[in-house]
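Got some structures for you, see below.
Two complexes are shown next, each including subunit A; its partner changes from subunit B in the first to subunit C in the second.
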Partner chain A sequence: MDRNVSDVVAIDRNVSDVAFKNVNNTLVEASNQTNLKWPLIIFAILSLLGFVGFSIKVFVEGVGSQQWGYHAALVAFLLSSIQSAPMVAIAPRVAKAHWRRSTSRIAEIFGLLGIVNLLLFIPLMWILPSLADGRRSLWFYDALEGVSPYSPHIWAILAIVVLAFLGVFYLWLSLLPDFAILRDHSKVGTVRKKIFKFLSGRWWGSSSNWYMHKHRLGIVGAHYFMLLVFVHFLYSMDFCMSLVPGWIDALFPITHAANALQAGVAVFIVTMYIIYRFGGYREYIGLDQFWALSRLLFALSLLWFWFWFSSFIILWYGGKPSERFVLELLMAGPYIYVFIPVFILNFAGPLLIMMWNAVRKSILGPTIVSIGVLIGTMLDRVRLYVGAYSVSTEPDKYALHSVPNTIWPQFSSDVLLWIGSISAVILLYLMVAKLIPLVNIAEQKELLLYKLHKEFHRTKVMVLGKPE
Partner chain B sequence: MQEHVQLDQKEINKDLLDTIFHTPMWWYLAVTFFGVVFLIGASAFGYLLNQGLGVTGLNRPVFWGAYVVNFVFWIGISHAGIMISAILRLTQAEWRRPITRAAEVLTVFALTAALMAAPLVHTGRPWRAFLPTPWILPYDFARGIWPNIRSPFVWDPMAISTYLVASSLFIFIALLPDLAIIRDRSTGLRRVIYSFLCLGWRGTPRQWKLQIVAGILLSALVLPVFVSVHSIVSWDFAVQIGTEGWHSTIFAPYFIIGAIHSGVAAVATLMAVMVWVWKLHKYITPDHFDAIGRLLIVVGLTWFFFFFLEWVFALYTLEDPEIAMRKLQVFQWPWSGMFAVFLITSFIIPVTAWLFRAVRRSLLWMFITTILVNVGMWLERFLIIVPGLMRRTHLVFDWGSYQPSIIELLMVIATFAWLCLGMLVFSKIFPLVPLFDIKEAMINREKIKIGRKEIPASIRE
Partner chain C sequence: MFTKRKSIIGLYTDENSVADAMDGLKSKGFGENEYEVLTGVPYPEGTFGEAEPHLHLHKFPLIGAVFGFCLGLVFTIGTQIAFPVVTGGKPILAIPAMAIIMYELTLLGAILFTVGGIIFESRLPKLFMGAYDPRITEGFIGVVVNTTEDNLDNAQDVFKSSGAEDIKFP
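And then the complex of A and B:
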C-alpha cells in the first residue's frame, strides 16, 4: 500500500475531516478561539477563598488542631487525582496505543498543576509530628541510630518537589515540537515569537531531534511513574498510617496508588468531556478515547475493590484487638457514612454501570462514572486522613485502645480551603489552555500517517501502522 | 512486530499439523523418559500411602514442606495461560497469537500438577476422602458435621476446580476450528473422533461469531477466577495470626504478581522449547521473545516492589518474633544461601539481563533466564512456608527444622515430568499453535509506505 503524505486526506476522509496540512492551523487557532474570560474570573475569585480559608485555619484554629486532617486529605486528593492524571499520557505512550495521540496533551497539562499541590503540602511540614513521639515509622527511628526524627518531612518534601518538577518537565518535553510550530506561526519580532523560540529549545524537527524526543519522553515518563508510586508510598505511610497506632497494612500504599490511578483516569475523562463538549476539539476527540479509557477505569475500579478486600479480609479474619479498632476507625465507626459512599462510588457503581458494553462505549457513561469516582476518592481521602489525624493524641503509639469521634469540617476554613484549592487547579488549567493547543499537533499529524481505512471484501476496515 | 513472515494457509496447515500426522522418534523417547520419571514419582506416592507421612521430612512444628511449596508453585505457573491468553486477547496484542494455546495448556497441566502436589497427600490416609467412609466426596451430611465455609481451605478447592473447568473450556472453545481442520484431513477412526470433538464446526459466519464472542466472554469471566485462585491460596497462610511472616495484607496481590512472574517466565521457556523441538521458528520469532521479555521486565519490577513492601512492613511491625524469623531467613545457613539464590535468580540476573535487547531476542538467553526465574520462585515459596513454621521464638517447646525426604523430592520431580508428558501428549493430539489465529494474523497484515519507509500495519476491528 503506497501513499504520499499529501494523499492522506483523500484516503482518510472518514477518519477525520481535518486535512493533514490544515492540522497546524486548526489546532493553533483552536486555543485562541475559546472565550475563557468569565470562567477565569470566577475561578480566580474562588481561588482567593482558599487563601481566606487557609488564613483562618492558621491564625484562628492553630497548627496543633486535629482539624488539619482535612488539609492532609486535600493534598492526598490532589496527589491522587491531578498528579496521577499524566499517567494517562505516559502509559499509553509507552504501550504505543494510537488512541492516546489526540488526548495525551490534556493529561500532560496536569503535570504542571502539581505545583499547586506542592504549595499546599508545605504547611504539613509543620503539622506532622516528629518521630520523637515514639510511633512506628518507615524510618525505624528508635531501632536504628543516626536517623533524623524529621526523616518523613525531609524525604516527603524532596520526593514531592521532584515529582512536581518532573511533571512540568514532561509537559515541556512533549510540547517541544508544538512550541516549534507555534514559533513558526508567530509573527516575526513579536514577544510571542521570542517566547516560543525560547521554549522550543532549538527544535528543527531533524531525525536526531525526533529520536531523542521519543527516548526522553519514554525515560522521563517511566521516572514520573516510579516517583508517583514512591510519593504515594511515603505520603500514605508517613502522613496517614503511622499516625494510627496498630495500623499495619502492607498493602495500603499500593491501594493508595491504585486508587490514585483510578482517580487520575477519572479526572482525565471529566476534563476530556469538558474539552470535547465546550473546547472546540470534536474533530480530534471522539468515542475511541472514551471507550479506551472507560475500559481502563472499569479495570481500575475492580482493582480498587480487590486491594481493599485483600486488606480487609486479613485484618478482619485475624481479629487482633488493635486491628479491630483500626477497622472500626476507618470503616465501621465514626466514618461509616463516608465509607459507604466511597464503596459505592469507587467500586459498586462503576461495576454495575460499566459492566454494560453500551455504557462503556459511550461518551456520557464513563463521564458520569468518573465524576462519581472523583467524589468517592475525595471522600476516601477524608475518611483515611481525617481519621488518622483524629488519633494523633493517643498515648500508646503501638496499639489503638479506643476510637475517637468524628471530626467534622469547618466551613470557614476546611470547606473554603477545599473550594479554593480545587478552583486554583482549574484556573491554572484554563490559563494553560489559553496558551497552548490542547491536542498534540505533532502526534496528531503522525497518527494521520499511520491510520487509514480501506475496503475489505464487503466492508471497510481500519489499518493501523505500528512503526516500532 | 517488525518481522513479517507471510505464509499461505496451506503452508500453515502443513507446518502446524505435522506433529499430529507424523510422529518423530524423539517424541517416543521423550514420552518414555518423562513417563518413567512420572512412574517413579507415582511409586514414591504408593510407598507414602503404604507407610504413612512418617516417610517424609515433615515433623513438628514444620507440617508443611515440599508438597505445599510445590502446590503453590504450580498454582503460580498456572497463571501463565490466562495472563498471556485472556489479558492479551482483551487488549488485542498481536504478538500473543502463536503462544496462546501453549500457555493455556500449560495452565491446565500446571493445575493438575498442583492438585497432585499437595491436597490429597497432606490429608493423611487420602483414600478415605472417597472410600470407604467418604469425608469429601460425596460429602457425608448425615454426620451433621458441616464444612467450615469460612475457611480458605474450603474456598481453595472451589476456586481451583472452577479455574480448571474454565481453563479447559477456554482451550476447547479455541480448539474448535483447528479440530475441524484435522477432521477434514483424517480418515477412519481418527476422523470419527475429531468429528465428534469439533462439534460440527463448518466455519459458517454464525459459528465464527459465536466462537469469538465465547472467547471474549470466557476471557473476561475467567479473569476474576484467575485472581481468586492465588488470592485464596495466599489466604491459606495470611489469615493465620500465629505464624511469623504470614499474617500480611499484601499476600494476595504479592502471590498473584509472583504467580504471573513465574507463569509468564514459564511461557517464555516453553516458547524456546517449541522453537527448538517443534521447529516453530517461522511462527515464534525473536520479536515474540522481545515482546514477552518487555512484559517480563514490567512484571518482574512490580513483583520486586511487592517483595520490598512485604519486607518493609514485616520490619515495620517491630515485633521480636517477626524480626527473628526474618533474621533466620537472611542470616542463618542454609536459609541465607537459599535467600541469596532466590533473589539473584528470580530478580537480579533475569531482570538485568532483559534490559538488553540482544538478550530479549536470544532464544538461549531467554530460556536460561526464565528457567532461573522459576528456580528462584520455587525457593521463594519454600522460604515463605518453612522458616515461618520453624517458630524459633521463646516459649516454643520444639525448635524443629525441615529437610525434604527422598520420597518428597521424587514426588516433586514427578510433577515436572507430568507437565512435560502432558504437553507432549497434547501436542500429538492437538496443534500447539492455533491455526486459525495465525491465519487471521496473516490476513490482517498490511504495510503502509510513508515516504521512503515501509512500516508494518495491521487491520483493526
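And then the complex of A and C:
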C-alpha cells in the first residue's frame, strides 16, 4: 500500500489545506476589493476622445496617406509594446522559471488587448497604397507574374488577426483552472456563476486536464512567438520600409521585433509596478520579479544599440545619395529631435543606469528605466512611420531626392487618437482586472506544494522542489 | 445495448490516502478508464499512482518536419531537373540554394502537423464527466469513479477504507 509520494509534498501538505484556501480567498477577493470605479470612468471618457480624433481624421483631414503616419506609428507602438508583453509570460514558462508564477497573468492579459490594435489596424488597409504604384517590396510585384497588388494588405491582416486570436486563446487557456475556481466560488444561480461556468468549459481538474493544459500552453505560446516575429516582419516591411524610396535594410524587420521585445518587457514592468503598488498583490509580487526582468531589460537595451548600429553603418558607409537621404529622413534631418531622445531613452539611459547592480536589484530602478524605454519606443515609431508616410507619394520609387519637412501631429486628430487608443487599452485592462485575479491562483497553489523554508545552520533557506 | 453508468466521488485531504484509494480501486478490478483523480492544483504526473496520460504530441512536429523535408527535397530537385538553368556556374542541384527551400518546408511541415496534433490529441470532450465537488478547487482531492450501478458499493467501500473525508453521489 505504500506509495512514493514526494517528501516535499508530504511535508508541505500539512499546512497546504489552509494555505490553499487562503490563496483562493486572497486572490479571488483582491480583484473584487480594488476600487476601480473612477479609473474606469476616466479612461472610458478618454477612450471616447479616440473616436473623436479618428472621426476628425477621416471626415475632415481625409485619407491622403501622408496624414496617416501617426496612425501607423500608433499601431506599430501598440504592436511593439502591448502585443509583445505576453512574451514575458511565454518565455519564462517555457524555460520553467519559478519567479514568473505570480506575474505571468499580468503579461497574458496583454494578449487580449491585441484586439484594440486589430481595430486600429483596419483603417490602414485603405490607407496603404497598392503595389501598383511601382514601389519596391518583398512581393516582387513588377518582377513576377500573378502577384496581387494587395499582397501586403492580405498577408498583414491575416497575420494580425491570427496574432490577436492567439493572444486571446493563450489567456483563456491559462485562465481555465482559475475560471473553475471562480465558478466554484460564485453563488448558485448568479450571472457571475453562469459566465464562469461557460468560460471554464469542461474543466474539472482531472489528471488529463492538467497534462493537456501544460502542453497546450507551451505549444500555443511558441506559436504566438513565431507569429509575433512574422507580424513585425510584415508590418515593418510593408507599412514602413517599402514606402521610403531607396531604403533597403535586411536587418530592419528583426530590429523592429527586437525593439518590441524591449518595449514588451518595459510595459510589463510598469504594469507590474502599478499592480504591486496599488493592486493589493504585494504578497505575491516582489523584488525577485523586478530583479529577474531588469536583467532582461538591460540585455535588450544593449541589443537596441547593436541592431541600430548594424543598420546605420551599412547606410553610412554605402554613402549613395539615396542612402544619405534615408539617413537624413530618419535620423539627422526633420526628426533629429525625436531621434536623440530615442537614443538616450532606449540605449544610453538604460546602459548608464542599469549597469549599477543596486539599481538593477531594486523595484523602482527598473520601473523608471521602463517608463523611459516606453517613451523612447513611442518616439522611435513616430520617427520611423511618420517619416516613411511623409515620402510615400514621391514619384521616384527607387531613390529619395529630397527630404520633406517635419510632419507635426494634429492635436484635433492625431493627439486625440493616441490618447484615446492608449486609454482604451488601459480601460480594457482594468475591466479584465475587475473580472479575474491578476495572479494565477492555480500556479500559486502549485508553488505551495514545492516550496519549503528550512533551517540551514544559522540561517533559513528556501527549498524549491522541481517536478521535472 | 449501453449499460447506464453511475458516478461516485470520494474527497480527501491527504495525498497518501488518495494513492491508497487508487490502489484499492485497482485491486477491486476497476479499469483505468473508470476512475480519475480531480485536483485544484497541478500535481506531478504519477503522484497518486494514476496512469500517466499517453499523448503523442511530440511525435507530430517530428513527422511533420520529415514530411516537409522530403517535400522540399522533391520540390527543389524536381523543378530544377524539369527546368535546368545554370546560375553563376554552379551545379543544377546546388545544396546551398536548395537548403533554403528545404528548411522552409521542413519548418512549415512541423508547424502544420503540430497544429493538427493539438486538435487530434484534444479530441472531443468527454460527454459524461461524472461527479464533482466545488471543494476540489479549495484544496480537496477528489477520486471520481464512473462505473455500473452494481460496482458503486465496491467503490464506496474503497473510499471508506482509505479514509475519505466525504463521499458523494451526484
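The rule is short, and it goes like this: the second predicted complex is superposed on the first by the 446 of 468 C-alpha atoms of A that agree within 3 Å, B and C clash if a C-alpha of one lies under 4 Å from a C-alpha of the other, contacts with A are read in each partner's own complex, and residues count from 1 in each chain.
In this section, a contact is a pair of C-beta atoms (placed from the backbone, for glycine too) under 8 Å apart; a residue touches a chain by one contact, two chains touch by 3 or more.
No experiment lies behind these values; they were computed from the predicted model shown.
By the touch criterion stated above, A:202 is placed in contact with subunit C alone, subunit B being left untouched.
Of the two partner chains, subunit C is the only one that A:177 touches; subunit B does not reach it.
Touch criterion met: A:467 reaches subunit B and subunit C at once. Judged by the touch definition given at the top, the superposed model places A:191 against neither subunit B nor subunit C. By the touch criterion stated above, A:449 is placed in contact with subunit B and with subunit C alike. When the shared chain is aligned, subunit B comes close enough to touch A:136, but subunit C does not.
After overlaying the two complexes on the shared chain, residue contacts for A:212 are found with subunit C alone; subunit B is out of touch. When both complexes are overlaid on chain A, the residue A:358 reaches neither subunit B nor subunit C. In the superposition on chain A, contact is made by A:249 with subunit B only, not with subunit C. In the three-chain superposition model, subunit A touches both subunit B and subunit C at residues 1, 3, 5, 449, 467-468. The part of subunit A that touches subunit C in the complex is made up of residues 1, 3, 5-6, 9-10, 13, 16-17, 19-21, 24, 177, 180-181, 183-185, 201-202, 204-208, 210-216, 219-220, 223, 226, 442, 445-446, 448-449, 467-468. By the touch criterion given at the top, residues 1-2, 224, 227, 231, 235, 238-239, 241, 247-253, 305-306, 309-310, 312-318, 446-451, 455-461 of subunit B touch subunit A in their complex. Those residues of subunit C that touch subunit A in the shared complex are 13-16, 19-20, 23, 36-45, 47-50, 52-53, 55, 57, 111, 114-115, 118, 121-122, 125-126, 129, 132, 134-139, 142.
Residue ranges on subunit A touching subunit B, taken from their complex, read 1-5, 136-138, 140, 142-143, 229, 233, 248-254, 302, 306-307, 310-311, 313-315, 317-320, 398, 449-450, 452, 454, 456, 461-468.
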